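Below you'll find a set of structures to go through.
Common to both upcoming complexes is subunit A, partnered first by subunit B, then by subunit C.
Let's turn to the complex of A and B:
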């Protein structure tokens, strides 16, 4: 009986604190392959290395990938392993070559929507989850204008930044900050809006 | 959100997640039959100065990681419990790795005071059978988290 090959090419793709473990699929013609994913944090690997914990969503799973976001709950290196099964056959475990630490996640500039509500400058930010804060910078588009900064923790709901003057243009840019890993994303592109009417001094 | 144990600052650990992890393992408290004894009693945790707190929390968490939590996972078959335990243990591990209490001489009396508090806890632990002591100490994590909360800044 042919031995079921172990999954190969394990890697983790992590963006904005969403972590996806991927591997090359095991192919057995005419068969459905199931995969089992397990993990151990630094504590387990140091103090009880024989202990592995089944992944929340992939014990088992059919596709050659696993969302391990809910399993990686501390900012320490995690060992990850996968094996394939078909029927009664089980492959050997394949272990991720380098432990994964969530502090390596790629943080992208957040998506924002800048709008006017009358004379009010309003921003709406995408909901990236509870671990994200947003640092919003906004200014009146004129030479030497002062940049205002606001930390926004609420998610997915409009936030009032300030009151604008008629005829003036205002710009906004934003970046994210993740406390759990102490890192922030690059700033987004600045977005500007203009208020109709006469120009008057700024009263932000 | 961060811990500020006197001069020791710890970022990257969300206290709410530790509470949630412990709550998922709370049935362990029901396995503690020795209700007359409390390991984390008043003399250990009450009136701890900020300066002492870094020394004390480091000693307590190291003890939990090396002694109280040891072999726990061998007994925890339920993977939901194992997941919660992993969250708690690995975040305790992060906290300990970030605590750098001062080793300077003028801090000796403070570190000694913290050490005496820890020894009260450790002696009480050692007076029990190891299994009973691990179960009791594990069940008292809520007392520990409640105390740690005083040093947590939202």
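Let's turn to the complex of A and C:
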């Protein structure tokens, strides 16, 4: 009886604190392959190395990938392993070559929507989840203008930044901060809006 | 105390993890009228100056003793305990950095309070003591939260 091959090429793709374990699919013509994913945090590998914990969403799963975001919940290295099964056959475990730590996640500049509500400068930020704070910088587009900064913790709802002057243009840029890993993303491109009417001194 | 050794403790998700297993864990505690952490308000008498040392000692108590003595078969509970244990491991590392800057000095008050907790633990059989201490995690987490006002998420 042919031995079921173990999954190969394990890797983790992590962006904005969403972590996806991926591997090359095991192919057996005419058969559906199921995969079982298990993990071990640094605590288990240090103190209970025999303990492996079944992944929340992938014990079993059909596709060659697994969302491990709900499993990797501390900023420590995690060991991850996968095996394939078909019928009564089970492959050997394949273990991720290097433990994964969520502090390596790629933080991208957040998507924002800058709008005017009359003379009010309003921003709406994408909802990236509870671990994200946003640092919003905004200024009046004129030489020597002062940059204002606001930390925004609310998600997915419009936030009033300030009151604008008629005829003036205002610009906004934003970046994220994730306290659990102590890192922030690059700033987004600046977005500017202009208020109709005559230009008067700034009253922000 | 911890004020001088402010560390970024994301307690909120640990509290969430514990709340999901609290009822199940506490229901397994065979000695409901006995306590390990809250005897004579041990933790509440800790002064700010001793908070860093006490936090370090209690993290070690859980990491080196409680989580090891507890054997869990239910995967859902195992995941939550793993999440808490690995978060405590991370907090230990953060405190260790503080210690290297010599801001986590242990005075007698913290040492004695820690000794009381270990003594309470050792009076029970290890698994019973572990399940009770797990059930009292909210006492420890609330104490950390109170003493980390400036840093919790």
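By our rule, the second predicted complex is superposed on the first by the 204 of 204 C-alpha atoms of A that agree within 3 Å, B and C clash if a C-alpha of one lies under 4 Å from a C-alpha of the other, contacts with A are read in each partner's own complex, and residues count from 1 in each chain.
The rule we apply is simple: contacts are C-beta pairs under 8 Å (C-beta built on N, C-alpha and C of every residue); 3 or more make two chains touch, one makes a residue touch a chain.
All of these numbers come straight from a predicted model, not from anything done at the bench.
J.: Quick one: subunit B and subunit C on subunit A, clash or fit?
T.: clash
J.: I'd like to know which partner A:54 touches here: subunit B for first, subunit C for second, both or neither.
T.: Both partners, subunit B and subunit C.
J.: For A:92 in the superposed arrangement: first (subunit B), second (subunit C), both or neither?
T.: After superposing on A, A:92 lies clear of both subunit B and subunit C.
J.: Between subunit B and subunit C, whom does A:106 touch in the aligned arrangement: first, second, both, or neither?
T.: neither
J.: Quick check on my understanding: which residues of subunit A belong to both its subunit B contact set and its subunit C contact set?
T.: Residues 41-44, 47-48, 51, 53-54, 56, 59, 71, 73-76, 179-180, 182 of subunit A touch both subunit B and subunit C.
J.: Help me check something: in the complex, which residues belonging to subunit B touch subunit A?
T.: Touching subunit A from subunit B are residues 1-2, 11-14, 17, 21, 65-66, 69-71, 73-74, 79, 82-83, 86-87, 89-94.
J.: So in the complex, which bits of subunit A are touching subunit C?
T.: Touching subunit C from subunit A are residues 41-44, 46-48, 51, 53-54, 56, 59, 71, 73-76, 78, 179-180, 182.
J.: Considering the complex alone, what residue numbers of subunit C touch subunit A?
T.: It comes out as residues 8, 10, 13, 17, 63-64, 67-68, 75, 78-79, 82-83, 85-90, 153.
J.: Can you list the subunit A residues touching subunit B in their complex?
T.: Residues in contact with subunit B: 39-44, 47-48, 51, 53-54, 56, 59, 71, 73-76, 131, 179-182.
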